[in-house]
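The data blocks that follow each hold one structure.
Two complexes come next, and they have one chain in common, chain A, joined by chain B in the first and chain C in the second.
After this line comes the complex of A and B, so read on.
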């Protein structure tokens, strides 16, 4: 049975077909960002600091994976291939996620002595969720109505992700001794790659031109304005400027961490490509 | 088949994770359409990452077919977003029967207070914003000393 829901939009689509290339590029960025971070989050299952966090974090990761699935579905509706294939079968060079989001959770391996870094995880998720909230707010006014609708839906769910990571960020940074030291180090580490999350890549100007999303400079300013109060709250200096230390993922530059992630997450898909999910 | 018969069939489809409440009471059914015995049902997903959506789809197809439809189409809509104030009055009572506090109707700035579904006391504390599913949180009642869950308020404008 045909199970697409793209025809359900009641709003007229004021979207110009010439903008499709920019739209597809934007959707890949949105989908791959959420997909990779949800995957890294899911690797914490069973390893989070306490059982309540294990429950909360896996819930957030599952929800984030649901957001990625919606973007992949929009790409499927545009004729870019099936959502499952787009999620599992694309090589690293075709991925558009920010490099920060593909980086491993810390030293060690999920199955063999995971020595994951909780401070890095909290800072990465908190920064990303703020940037994602700003991006979604802009996307609710996108000229491509199906994207605007999906953004509105994700926005209401994201409120809870943000509350969660903000709590961790403030509590750990305000704690004494080791926690504050590790959080300070993690903030530097995340800031060094955070520009990769904020950029819209080579087709960014086209995305703005076709009314798909606001300019990356505007989005960056809003994200900084959203993050700044938390830094005042914990009494830390602002970690500017943001960098792209490990490359620009929007241009297909990635680290070996992504190859490893893709090999693991697509193992079942590659073994039985025709399996029904 | 009449519209009424379809609604009746949909009332038998329960949330796979909260057995006391139907998808109708949850406010997930946005629209039904009956044409020459063929039925199409439009549903609103609660949370996008909810793994129960495919199960709900299959159960709707089965229930409406059993009620006499010649064909059933189930669609999940992206718009409008589902909100927790779509849960019916009866649905709110059924959630309590399952030990889950219904979502607060209005969310004052940030924090929200829920009454214990067992004893009704307002003296409750949130233990975890996220519960066993994305749409639920874990609370503790300081009056009757029971842990319980509450559905998160999900509203569009904040």
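After this line comes the complex of A and C, so read on.
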């Protein structure tokens, strides 16, 4: 008995039992957010506006998928199931990602007639990356040490992602009229669902109480403060208020876009049950 | 300077002679050096085709990137396909330098691809309907590519030889990535093994065609004589195909797979592999962009190109203003 206790203290994979639910909920939000956006990024492979962008974007999507994998691993360590199972086998209703991140890249399919919207992609990634940076900064001080460690690792990669999307955001918005019109429309579309990224959902207050992350109001203010200079730079009005037009993903509300994404990303995983790939 | 003055006064025949002496002595030709038109044109065609083949070659595997069956495989195949795009970019830049005196740019290469004036490698016109195809491409198609590219590592054109060194180093990782997928399937369930055997059956003929016909008799033309003359490559198509068999046939058999050619064996007396020729008539159709997936994959790129036209226009507006 004693031995078991000491083994457990060597590998502290348990949080306080009363706070565990809030921790698991937070980890699912973090994991699913990055996983779905990385998936949408992977659909762009080979289709980006030019070859240099194809390479850079793919690199960002790989990083993002890697971040998701680290969060799923934390969940696996907490006994929630294997990371691959959590990524591939959970139904839409169990997903906690913001709806904005599951939305399709545009009409069409990644293999047939992909009429993908680069403006939407740039704005979605730029907004999300700013929110993610703010969130990570808070998470580095999380009361759950393994999460704080992972956040510190991820933070290192975020600087480059942010620089990348900021450059696109400013260049396209400041370019010719057609580009500015498309970007303005994309900003409206993203803003209409961006509150869904910023919320911590129904268990948000518990997350704060257990010292896992800062309050969503504080995070939201910081995210807005981070985004505002870019709007001044391109001379556009601030797109407030943010909404949750297509539902609150933190509560398991999702769109058919997520069903389609899950069917595709788990097609092979589900093809032969219990197989090792 | 004096040497340069002397060189410019030489007749074309004399320049040609000096050029051939240089490459026969193993010297490297650089982008700004004098070179015969035939050499330049051959290189442009070869390198531009190689570049667009890397880019088009990303497409059959790209189909499986979002579907890869685990987090590790998702990350692996994304990185692999990204590398292929990177090779495309590297080669476009090499081709671009050669094309500069002709007043052409990489936009021309991409447009030639989309307008079908420039063809992409015959192996990338084939369907990849299962995850096993994605593994097989990594293992055997990249394995075959390593052979043809290693054959040009000492190419007389320095910038191409240097690009190939980097590409080959990465291709070795790709072949390992593919082999790892294949091993998991070969050691997996009955369904996984079947999936793998079917993929091999599907790709076998394409792998034979990969190296091109043995002689110019098959298709009427062949670049292999010119490229050997100019020390761009050393081995013939058939020598490369034989090398491929030597390396991979025993490995394929060792995995318990069947090669869909019952005549396949090594003839010790002749010192070569005996095999059934692929259908070279089919090959001719494929290299005219009439392969099973030629048009679909070109259409995918055309759609993306058209869809993003406004982005390119916006970027060039930014450049002009800057």
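In this text, the second predicted complex is superposed on the first by the 257 of 277 C-alpha atoms of A that agree within 3 Å, B and C clash if a C-alpha of one lies under 4 Å from a C-alpha of the other, contacts with A are read in each partner's own complex, and residues count from 1 in each chain.
Throughout what follows, a residue touches a chain if its C-beta (ideal position, glycine included) is under 8 Å from a C-beta of that chain, and two chains touch if they have at least 3 such contacts.
As the structure is a prediction and not an experimental result, all values here were calculated from the model.
**Q** Where does A:159 make contact in the superposed view: on chain B (first), on chain C (second), on both, or on neither?
**A** Touch partner of A:159: chain B, not chain C.
**Q** Name the contact category of A:114: first (chain B only), second (chain C only), both, or neither.
**A** The second partner, chain C, only.
**Q** Touching A:146, do we find chain B (first), chain C (second), both, or neither?
**A** first
**Q** One more residue to check, A:172. First (chain B), second (chain C), both or neither?
**A** second
**Q** One more residue to check, A:251. First (chain B), second (chain C), both or neither?
**A** neither
**Q** A:65 in the overlay: touching chain B, chain C, both, or neither? Say first, second, both or neither.
**A** both
**Q** Once chain A of both complexes is superposed, is A:87 in touch with chain B (first), chain C (second), both, or neither?
**A** After superposition on chain A, A:87 lies in contact with chain C alone.
**Q** Determine, for the superposed model, which of the two partners chain B and chain C contacts more residues of chain A.
**A** Looking at chain B versus chain C, the one contacting more residues of chain A is C.
**Q** Is A:275 in contact with chain B, with chain C, with both, or with neither (first, second, both, neither)?
**A** Second partner only.
**Q** Should A:49 be classified as contacting the first partner (chain B), the second (chain C), both, or neither?
**A** The second partner, chain C, only.
**Q** Do chain B and chain C touch any of the same residues on chain A, and if so, which?
**A** In chain A, positions 52, 55, 59, 62, 65-66, 69 sit in both the chain B and chain C interfaces.
**Q** For chain B, which residues are in contact with chain A within the complex?
**A** Interface residues on chain B, with respect to chain A: 42, 45, 47-51, 73, 75-79, 81, 83, 110, 127-134, 138, 152, 154-156, 158.
**Q** Using the touch definition from the top, list the residues of chain A that touch chain B in their complex.
**A** Contacts found on chain A: 1, 3, 5, 8-11, 52, 55-57, 59-60, 62-67, 69-70, 146, 149-150, 152-154, 156-157, 159-160, 163-164, 167.
**Q** Looking at the complex, which residues from chain A come into contact with chain C?
**A** 39, 42-43, 45-52, 54-55, 58-59, 61-62, 65-66, 68-69, 72, 83-84, 87-88, 108, 110-116, 118, 171-172, 174-176, 178-179, 182, 264-265, 267-269, 271-272, 274-277
**Q** Enumerate the contact residues on chain C facing chain A in the complex.
**A** Those in contact with chain A are residues 55, 58-59, 62-75, 78-79, 81-82, 85-86, 88-89, 92, 131, 181, 184-185, 187-189, 191-192, 300-301, 303-304, 307-308, 310-315, 317-318.
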